[in-house]
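Could you have a look at this structure, given as structure tokens, before my questions?
Letters A, B, C and D name the chains as they come in the text, with residue numbers starting at 1 for each one.
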Amino acid sequence: MLRVAVLGCGRIGRMHARNVAAHPRASLAAVYDIHRPSAEEVAKALGVKAAETPQAIFSSPDIDAVLVATSTETHSDYIEQAVAAGKPVLCEKPIDLSLARVNRCAEAIKGSKVPVQIGFNRRFDPGHRALWKSVRAGDIGDLHQVIITSRDPAMPPRSYYEVAGGLFRDMTIHDFDLARFMLGEEPVDVFAIAGRQIDPAMMNELGDSDSAMVIMRTASGRQCHINNHRQAVYGYDQRVECQGTAGMALSDNRKPHEMRRHAEAFTGQAAPYLNFFIERYSEAFNAELSAFVDAIEKGRPPEVGFDDGRRALILAEAAMKSVAERRIVKVSEIG
Amino acid sequence: MLRVAVLGCGRIGRMHARNVAAHPRASLAAVYDIHRPSAEEVAKALGVKAAETPQAIFSSPDIDAVLVATSTETHSDYIEQAVAAGKPVLCEKPIDLSLARVNRCAEAIKGSKVPVQIGFNRRFDPGHRALWKSVRAGDIGDLHQVIITSRDPAMPPRSYYEVAGGLFRDMTIHDFDLARFMLGEEPVDVFAIAGRQIDPAMMNELGDSDSAMVIMRTASGRQCHINNHRQAVYGYDQRVECQGTAGMALSDNRKPHEMRRHAEAFTGQAAPYLNFFIERYSEAFNAELSAFVDAIEKGRPPEVGFDDGRRALILAEAAMKSVAERRIVKVSEIG
Amino acid sequence: MLRVAVLGCGRIGRMHARNVAAHPRASLAAVYDIHRPSAEEVAKALGVKAAETPQAIFSSPDIDAVLVATSTETHSDYIEQAVAAGKPVLCEKPIDLSLARVNRCAEAIKGSKVPVQIGFNRRFDPGHRALWKSVRAGDIGDLHQVIITSRDPAMPPRSYYEVAGGLFRDMTIHDFDLARFMLGEEPVDVFAIAGRQIDPAMMNELGDSDSAMVIMRTASGRQCHINNHRQAVYGYDQRVECQGTAGMALSDNRKPHEMRRHAEAFTGQAAPYLNFFIERYSEAFNAELSAFVDAIEKGRPPEVGFDDGRRALILAEAAMKSVAERRIVKVSEIG
Amino acid sequence: MLRVAVLGCGRIGRMHARNVAAHPRASLAAVYDIHRPSAEEVAKALGVKAAETPQAIFSSPDIDAVLVATSTETHSDYIEQAVAAGKPVLCEKPIDLSLARVNRCAEAIKGSKVPVQIGFNRRFDPGHRALWKSVRAGDIGDLHQVIITSRDPAMPPRSYYEVAGGLFRDMTIHDFDLARFMLGEEPVDVFAIAGRQIDPAMMNELGDSDSAMVIMRTASGRQCHINNHRQAVYGYDQRVECQGTAGMALSDNRKPHEMRRHAEAFTGQAAPYLNFFIERYSEAFNAELSAFVDAIEKGRPPEVGFDDGRRALILAEAAMKSVAERRIVKVSEIG
């Protein structure tokens, strides 16, 4: 059993802690949160100790690995400390909002064999993964186009925006990673537009966006489109489509169940899609954890490593620059 | 061009007349209706003559074939007269409500080579036909079960019931034919229940039923279920499903278009199914006509012949007897 | 935390034990199996004790409730012992293959307030439950017809048939319960046919069937059809459809994910349905357990009680009699 | 009856001629083709005269309107001649490959009341039209994003490319029109990338593209994405999706029928989508003709006028400039 400590006991951290506790090859060793009562509540519910400091975790001989789900600005520090302590780390995305900080972190852990996995959970979703396998197996021939639709169910509160780092680094970053995963090649050109359509007043004040469209191209000519929107009232909308020379394949949305109604006015599902990522990607979060455990047990690098986190951030910065300067941006301009 | 006369200018006759007029290998030669103004209206709209009597049609050297869409009690007479006149005939179902009359008609036309096709249009529906081909091609292995769902969108007016001959001979008769078509074998046992659920008062007065369930079995052991209902407010519901050793295949309902909406309250088609048989089976009615023209041009027997009409009626009578006597009825008891 | 012991460590028992261990309001207190190594293996994996005898469980003050997943012939005994010991019991279906034994068991526990829940898990499936709620809420108006499709993915081994009690008591019994649940009324008439289509030689030897069709009617006139087949190569096929005066609603099959492929030869899901009940009804098994915990915590009768188990068996016997005597059977003839 | 002459007897002209002949409120008055035997073949099949010159049609008192389906370079001339002759004209897209020529044509017909309709048939597709109505009715709240997927089933022959005017003016032009129709506003910014992925060698030689992605924005901030591909082996892929504040709606592909198969290896449609525009948009071509007849009968301007043809071409030129100069192009730079 891999003894895993979870840092961060907010919404996502709590979910990760429960997943670790229920995992057949992992056990929850400890939890930590800067807000001590949160850590204690989770610790009590899951029958473990609440560590008083992160350092207590990094230095404990009874902890084999750490899962970092704290606020973004602490991620790089904890990755560096975990690696220094020789503890494999699964860290939520993004590594940091600053590419400079990410690069320093990369420098700090350079050469280490300690596994670092970034929490791009969508790669582990059964539908997306089946799509990826199908594309890699050649089922659709040569891959030419990837189209990613990614829409949140509802606008987060203003406080969320204030620290999230903007649409591209907060929300699209998942899609940038998924794009790289599906394309199987690095994008070289990025073009993006961003909108203030849902709550223009707040977006103007914050200098943020609530909708976006992106086009990217790889060196070999593969094309990718991403569209984002923060208010899909019909539920979290997560679709990926791949077009190739021998066919098309897509990973569509998942419904809570398959009950349909047929009435005079409509024929269809009587319920919206699964509401948000905790529900929609519950299988993915578990599979991501299993992949982390596997990588450690088998001594191989994680499927989604530190550099994947860095590259997704570079694409986000390229998109931001494209919006700011109203032009196509070469990825090589960023990093 | 096959010169076809249409007898009967009601709702169905009118549709047939238009189909004949628009057919690439047929032309509309004349129309007739016992209610002369109806015939004249259709004749004028389609640029043909309204015949004064059926006999004028049967004896005309300028008419190659007839399509009978008059009221049921005239069908057998017109079939006999058409055959006597050497004119191929496509006759709407049922041949007659009385099996005795059908048997006399069979006797009357026995030995004739003049093609007689019965209007079981559903066999020509693209979806049902594709299903049949798939089953016959062995795609699902050995066929074991056929399930037919057949529900009308709304109760017809009382006047309709008074002459229709009861649920099994009016509505289920189509399903009995489709069952024989799909099963590829003759049913030997019939069990049925009938309900008075939608308008019990009227059904009691008329001694008719507005819902039913049937189970049939063939000699080799294939099983078939039919369910009928007269009030599918969500539109004409027409489904056929075949279960076999190597898979299952089904012909599902057809929607007017593929526009879907996703809202907070539901996710689905914003429109009901096609309302009724004229719309749902429009392609089938045309394909049925083409098959009739083909049979005549190529001198081969129609795909759906007189005996198919007779056998569907026998199954209807078996079902009626099953309901009346609350027991399983052998088809051999009837005819 | 409700301390639950699980009796029976076969495939289903193991799944129940894991569910209990992971349940937020229950804990696994002990396991038992007549084959001691099985019990020990499960006990070790889940960190609990393997009881040496069932009696050790029934008499333990540290066990609050029992979950019975042993072989069928022991169910009634364990229900009686659990009730005598004052321990709530969740027992897998069927209660027994013999109605006489079930009736004796009913007599034995008569008057007791100890909760007895029968494992008709399908009532707790999210789709079926949403359908039931929709029907009960009046969304489809008055309910007239229920159609249940229930097909296993593959023939079980001969050894399974030898003790299963025949198709109707082993497989259809779930559908009989679901029919009662959906109909909201007791069936009064049962008609059934059974087939030996998939493996006629073995079925003849065993006197069993591998396919069936059933029609039932309630006193108020509601109609129900069930079809069963033991070899749906495309995966476990579990559908329920309800037709009413104001619409239709159905609970359709669940796919493992929503990845679809579009190729020259086909357009659709690249994977079959979920293979069998452990996968298909995983949410249902958990919800069933939660309902059991709820009933105990809140001191109210279980949603699916002993009499539901008895009535489903009566319908199975009625169907068997109908097949044997080739006639409609009144439920009142049985019990 | 509106007496309509059809100019051009190629694949599309022939289809239009048949549609006119079968239309309840129009009759086919004459056909013309520069290749006289083609005209004569069509004329014979449909029982009309083959005109010797276009002028014979424009000057005939027995012809009320003309439908132009000749090669692109003749469209502007025929529009000018038809308008000069006072004959309403329905002209296939595009008006011309040269915006300068289109502008001269606009000048030539300026001020005339003679109806000119451009053949953007997709606006009349039942699904796309239902989507448009739903969006305009406010069903999805404020419209924010439009996503258009438009993929041809197979690469046309080299000879086609040589005269077609390039991907954007030949293929995407339909999508530009559909985008304007759905957006309800004029795009102001256009960004596009184009690929040579399917047949790079031929595309390089011709200086054309076989795939593309476009992003556009309107003055109010609405966003639009178009993706094109010339080789959808699974059939003509035509989808439109609209995202708004209160929901999402989409017009999906149409299948030839609703027969599905369930096998071990897959679950889905056993047939690809409708192959190409003649089949996919058959209802649309008829509805387009009806709209033309309506406009003339009721003396109102056509739903899709000359300026719509011009504006779609401007967007195509903007996309071409964007590809050539690797930058965002303002529509106002073009025309």
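The working rule: contacts are C-beta pairs under 8 Å (C-beta built on N, C-alpha and C of every residue); 3 or more make two chains touch, one makes a residue touch a chain.
As the structure is a computational prediction, the values presented were derived from the model and not from experiment.
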item	value
Remotest chain, chain D as reference, centres from CA atoms	C
Recurring contact interface, reference B-D, options B-C, A-D or A-C [over half identical by residue number]	A-C
Distance between the centres, which are taken as Cα means, of chain D and chain A, whole angstrom	41
Intercentroid distance (Cα basis), chain B paired with chain A, Å	57
Multi-chain contact sites of chain D, meaning residues that touch two or more partners	232-234, 237, 246-248, 260-264, 270-271
Contact set on chain C toward chain A in their complex	22, 125-128, 130-131, 134, 139-140, 246-254, 256-264, 270-271
Residues of chain D defined as touching chain C within the complex	232-235, 237, 255, 260-273
Residues of chain D touching chain A in the complex	142, 144-145, 147, 149, 151, 189, 191, 193, 195-198, 211-213, 215, 217, 221-223, 225, 227, 229, 231-234, 237, 243, 245-248, 326-328
